[in-house]
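Look at the two complexes coming up: subunit A is in both, with subunit B in one and subunit C in the other.
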Partner chain A sequence: MKDLTASEFAMVGTRAPRRDARDKIHGITRYADDFSLGGMLYAKVVRSTRASARLVRVDTSKAAALPGVRCIMTAADVPHNVLFTDVPGQTTVVGALRARTQVLAADRVRYFGEPIALIAADTEEIAEQARGLVEIEYEDLPGVFDPVEAMHPEAPQLEETGNVISRWRVRQGDVDAGFAAADVIVEHTYQTPFIDHAFIEPEIGVGWLDEDGVITIRVATQVIEHFRDVANVLGLPHSKVRLIAPFIGGGFGGKEDVTVEVYIGLLVWKTGRPVRLLYTREESIITPTKRHPFRMRYKHGVRKDGTITAIEAEFISDAGAYAYLSPLVLLYAMVHSSGPYRCANVKVDGTAVLTNNTPTSAFRGFGSAQPAFGYESQMDACARAISMDPLAFRERNYVCKGESLPCGQPVDHAVLLTETARRAWEALGPSCAAPPGKRLGRGIASTLTSFGRIVWLHDWSAAWVELQMDGTIMVRIGVPDLGGGQASSLVQITAEIFRIPMSSITIHIGDSSLTPLAGTTTATRQLYMSGSAVHKAGMELRAGLLEQASSVLGVPAAALTMDGGAVVQVDGAKRISFQELAASCSRSGRERYRHSVFHAPAGKVMDFETGQGRVFPDLTFGSQAVEVEVDEATGAVRVTKLATCYDVGRVINRNSVEGQMEGGAAMGLGYALTEEDILEQGVPRTPNLMTYLIPTALDVPDITTIVLESGEGSGPWGARGIGEPAMVPTAPAIANAVYDAVGVRLTQLPLTPERVWRAMRDAAP
Partner chain B sequence: MSASRMEERVSQRTISFTLNGQPMRLEINPHETLLHVLRERAAAAEVKSGCERGDCGACAVLVDGRGVNSCLTLAVQVDGKAVTTVRGLGTPDAPHPLQAAFLEQGAAQCGFCIPGMLVTLQAFLSERPAPTRAEIREAIAGNLCRCTGYHKILDAAETAARQMRAVQA
Partner chain C sequence: MLPHVDYVRAEGVAHALALLDRHGAGARLLAGGTDLLVDLRERRSAPALLVDISELDELAAIRAEDGALHIGAGVTVAALREDATVQAEFPALAEAARWFADYLTRNKATLGGNLANASPGADFLVPLLALDAAVTIAAAAGDRTVPLDQFLLGPRQTALGRGELLREVVLPRSAPAGQAYEKLGLKHGGAIAVVSCAVVMDVRAGRGARVRIVLGAAAPRPFRARAAEERLEGQPLSAERAEQAAALAAGAAQPISDVRGSAEYRRAMVQALVRRGIDAAQAAAVRS
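On to the complex of A and B.
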């Protein structure tokens, strides 16, 4: 089947307004919380106020006696009180791990805020009042709050199998020989904080018992496939649970693991009534999941000519109290550990450790953001150590198409890093003089981030594309739309294939029972996977419709194309409208729809001893450059200029691509300067948006966004993913700019005024 | 009748206000926030709840043309006043210039902050029709957005301000 080519594109690459935008701008969109049902109960979660304790007694009798309370559940009421996360391919050291979480704490709590009981009541106020009446007696247990301490054999153990839940390694060449061949060795230890996704829409869902005993939950989730988790906890057949994802108010990885859906499922199952559960902002911040703090020791050997002779790194990741996706996040970190650079001798060791802190898991950049702060700070430090321009040093070492990363991950497609770095750097423009009391500095970072799931997980996405009897097109696909324009991009692809306006296409998304499953909106995979599924189904349907038109018009299919809602003869007068074509298909028994599955290329499991092998289907590369102004008196850092440049392969919607790049840079700016979930002995101390600081419009400068299109990538028409990659270079670029401004290397995020001021003071002669 | 029920009865208040021009008359409890009353009793689901403590701006509405966080406003305070939400700015067929610019320039992503952002900008532009970009930043500093990085929001606000001035000129 002949594909459409870029020169023919009428829709792809344009700034067509997103399909979902109009409703959002007019306040019409019904998010998960904008939905209620008669007789709906309001749920609350009773949570642990200890980070590590044995549950001696949980007495719900007073709460149950409160008028208006309809249901209270504790661990004993949960049919199967365990949630599993299958984490494939564990190292031989640790053994196969089935990461498990208790749904409700049975006899022990391992983190502050761990759920102990569920309450459903006639009103939210009654549920809240009842929460205060549940009596819980704890016996405090020793806790451990630092992953390094947790690795000691005498440390309090969170699980019988020990606190270390994952170890991965990468081995290539001989690092000792590499360091011996180096002129300079640069070694630093870097630290990154817990951070919160801080989507503006908190975790929320409404569930009800639908016909035929199907528990249906309309929930803000990135993963409608969690219907299986709800069913497993309830001991129901999978077909008896249905998850619907409406448009979501932001996810960023924080709505990837199970949040409210299992609790709602339990309460609907127990009461038979509709149930709503909305987290408060405080609950959203203190409950799982967060981004992993990493402690990273990096050692680079370089020659004076700019060759990197060896990279050695050691990562320790704080998994919090339960594994969730920690082993996978660490695996991603291993693959990304050297950055987009070639090096013959590499040795990396990573360990993920349980502590009594809030559990950590997926966060935009999934294991690629933390190492980027390390390796890009190192690249800057190495360049300075050999008195080479940081850009020139990077250019000398960028990996090229056709080569492999040090872990053996092949680089199949174009690598435009040199262009991205130069374009971003040039976009900063000429330097100005620093205002009095301020120092200006500039920095750059180049990074890579994978997109698509691990190749041995056999990822797939399915799409249904149908020509309606009136000549319009319907798409059905189980994609949750987090706000990135996931659904609209699929509509735009469909519009291109059938050459009709986007307004002639309706898309149904995010229903685990009624739309073909398309996999998770995670891993920057939806444009790649579901874009490819829609492309496949659409092109197949197009081919079938052209054949049908060929038989009706008596013109060879090769001489036909689509335009303006009709099949038309190329250089000819014959045409048949989509409406007539649909009728013709019905009469002759030809299908007016296609259900197609796109399978990502599968691969063998990597070598666990050496970390060598292909892990990801594809990679996205880009650079960001920033200018900062550092206040000499206070250490406060302000970003005055920011330029971001990526090769996205192929633009589907230009506004959406730029939106991801701008929003990603702003999120990276928060990671660099202000964001930190502070925990003291496991107790969250920043449980609101007044203490947990995400960037405001005053903090983010105007962003220069430069989009490159190599035409090479695994997605539809050569597209690559951009959602996660967009936030990764910002923090190291800012840290490098601070070094440029004040001559001090900050190794711990965020770069708070206090840290910068202290570092400047300590470095003063 | 129990003491608590009697108390509830005694403390109920009736308030009248307009919501996007429509007259409303509601029995409320004096402790209820405007956010709660709008969402739960006035079917104004377009008013978003993000933090319920005035930190995020998602719940912003206009009261007599002035922007307020409805989570920090008691419903009794709007008695006799005009409340405007994003649905009072324009309709899909007749959008407000801000809404048209937000659509064209891709300023909305997840969209959850947008209703609050738009009414805040409307109140601001009606007082300052020719603002600098820095002044617009200041005006929306209390409206948090996690998706866009604010760039396209600022672009759209500038475009809308220009169009609104052109219409008035």
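On to the complex of A and C.
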């Protein structure tokens, strides 16, 4: 089948207004919380106030006696009190085990805030009051809050199988020989913090029992496939649970694991009534999941000519109290550990460890962001150590198309890193003099982030595209739209294929029972996977419709195209409207719809001994350059300029691409400068937005976005993913700029004024 | 979630006082609510009745009278920020309003709420103490005026008695021309002070005069660093002397360690900000 070519594009690459934008701006969009049902109960979760304890007694009698309380559930009431996160291909102590989380704590709590009981009541006030009446007696158990301490054999053990839940390695060449061949060795240990996704919409859902006894939950989730998890906990057939994802107010990985849906499912199942559960901001911050803090020792060997002779790295990741996706996040970190650079001798070891801290899991970048802070700080330090320009040093070492990363991950498509770095750097413009008491500095970082799921997970997405009898088009696809414009981009792709305005297309998304399953909105995979599924279904339907038109018009299909809601003869007069075409299909029994499945290229499981092999279908590369102003007296860092440049392969919607690039940089700026979930002995000390500091409009400079299109990528028409990659270079670029300004290398995020001040003071002669 | 609480909108100051009188300890005044609603939500306070004074015009005026500027307790931070007299004569106060919270909060938050709440990091207490402000307290029995320093008893403690209301802030208009307010926050929008300071002074024949140095978030309540002031008062000004004063201020601080910063850092920052404040105030005084 002949595909459309770039020169033919009418819609792709434009700034077509997003179809969800207007309603969002006008406050009309009905998010998960903008929905209620008659007789709805309000739920609250009773949580542990200890980070490590045995539950001696949980007495709900007083709470149950409160008028208006309809249901209280504890672990004993949960049919199957376990949630699994499948971790394929694990080779560690956990072995083939599936990562387990208890739905409600049965006899032991392992982190502060762990759910112990559920309450459903007539009003939120009553539920809240009842929460205070549940009596819980604890027997404190020793806890462990530092992953390095948790690795000691004598440390308190969170699981019988031990605290170490995952180990991965990468081996290539001979690092000893590599270091021996180096002129300079640069070694630092880097640390990154727990951070919160801080989406504007906390975890929220409303569930009810439908006419057919199906537990239906309208929930803010990135993964409607969790209907199976809810069903498994309830011991129900999978078809008896249905998840609907309305428009979502941000996910960033924080709505990738199961959140409120399982509690809502339990309470609906138990009461038979509609149930709403909304987390407060505090609950959202203290509950799973967070980004993993990493401790990363990096050692680079370089020759004076700029060759990297060896890279050695060791990662220790704090998984918190339950595994969740920690082993996979660590695996991603391994693949990304060397950055987008060539190196013959590499040795990387990673360990993920349980502690009594808040559990950690997916977060935008998924294990590619922490190493980026390490390797890009290292690249800067190496360049300076051999007195080479940091850009020139990088350019010498960027991996090229056709080569492989040190872990054997092939690089199949264009690598425009040199151009992204130069363009971002140039966009900073001429320097000005620093104001009194301030110092200016500039820094850059180039990074890579995979998109699409691991190749041995056999990812697929399915789409339904249908020509309606009135000539309009309907798309059905189970994509949750997190706010990134996922649905709108699919409509735009459809509009391109059928050459009709986006307003003539209706899309139904995010329903685990009624829309074809399209997989998770994670791993920067929806434009790639679901864009490809819609492209496939759309092109197949288009071909079928052209054939039908060919037989009606008596013109060869090759001489036909689509335009303005009709099939038209190229350079000719004949045409048939979509409406007439639909009628003709119906008369002749030709399908007016297409259900197609897009399978990502699958691959063999990597070699666990060496970490060698293909892990991901594709990669996105880009660079960011920043200018910072550092206050000499206080250590406060202000980002004055920020330019971000990516090769996105092919732009589908220009506004959405730029939006992701700007939002990613703003989020990266928070990671760099202010965001940190501070835990003391497992107790969250920054449980609100007064203490957990996300950037505001005053903290983010005007961002210059530069979008390159190599036309090479695994997505539709050569598109690449941009959602996660967009935040990854910001923190190291800022740290490198701070070095440039004040000559000290900060190795711990965030770069708070106090940390910068201490580093400057300690470095002062 | 906010607890259930009764609510009355006061029709005037007299009405508000009557309501306070009638309901005793269970009643609380509600101005912008930017402190109080947070307290209610976090169950730090459980009043039975909220008396809303946020719509009272008589509390929202700024007027010059008898050589003083009278700023109503109900004046919002946004209004304070835009007032021409405040900008011209009390730049330290204007500066505190400039960096206060964020746009949304400034439209609700009031000067009176900031003072009555008396948090150790409250921004306005700092310049107002340095400007020798007094406050007028209204009660059923009549009004009384007390110096701000005496109004402020400790962290979250003021001289406001039961049934009383803060009516206005009174600022003598002969304030020194040299004024500065310095605040260190962890971000630019909506940051609570790690530490702050106000420096107010005149420069007469190269010597400091009417010097006030007040520190915020550096002790349980904002306070005047008198030893630092004395180092400049009547003394010939120099960079060295400014640094000595800053060091004395740092020595007088009793900072705590918390998620915003360690005590050590806070103390060092007192010194840095006071130094900066002295330089700025001195420059402003010399300019005028």
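Before moving on, here are some points about what is shown:
Quick note on the criterion: the second predicted complex is superposed on the first by the 762 of 765 C-alpha atoms of A that agree within 3 Å, B and C clash if a C-alpha of one lies under 4 Å from a C-alpha of the other, contacts with A are read in each partner's own complex, and residues count from 1 in each chain.
In the analysis below, contacts are C-beta pairs under 8 Å (C-beta built on N, C-alpha and C of every residue); 3 or more make two chains touch, one makes a residue touch a chain.
A quick note: this is a predicted structure, and the numbers were derived from the prediction, not measured.
Looking at the shared chain after the overlay, A:679 reaches neither subunit B nor subunit C. Looking at the shared chain after the overlay, A:31 reaches subunit B, while subunit C stays out of its contact range.
Applying the stated contact rule after C-alpha superposition, one finds that A:21 touches subunit B and leaves subunit C untouched.
Within the superposed three-chain model, A:158 lies out of touch with both subunit B and subunit C [touch as defined at top].
Counting residues of subunit A touched by each partner, subunit B versus subunit C, the larger count belongs to B.
In the superposition on chain A, contact of A:655 is made with subunit B only, not with subunit C. Judged by the touch definition given at the top, the superposed model places A:128 against subunit C, while subunit B stays out of reach.
Contacts of A:280 after superposition on the shared chain: both subunit B and subunit C are touched. Of the two partner chains, subunit C is the only one that A:752 touches; subunit B does not reach it. In the overlay built on the shared chain, the residue A:696 is in contact with subunit B and with subunit C. Of the residues of subunit A, those at positions 280, 690, 695-698 touch subunit B in one of the two structures and subunit C in the other.
Listing the residues of subunit C that touch subunit A in their complex gives 1, 3-4, 102, 184, 186-192, 194, 259-262, 265, 268-269, 272-273, 275-276. Those residues of subunit A whose C-beta lies close enough to touch subunit C in the complex are 124-125, 128, 280, 437, 633-634, 636, 638, 673-674, 678, 685-686, 690-691, 693, 695-699, 752-754, 757-758. Interface residues of subunit A, counted against subunit B in their complex, comprise 15, 17-18, 20-31, 33-34, 197-202, 247-250, 252, 278, 280-281, 482-485, 653, 655-656, 658-659, 662-667, 688-690, 694-698, 700, 702-703, 705. Residues 45-46, 48-53, 55-56, 58, 85-87, 90-92, 95, 99, 102-106, 108-115, 118, 133, 136-138, 140-154 of subunit B touch subunit A in their complex.
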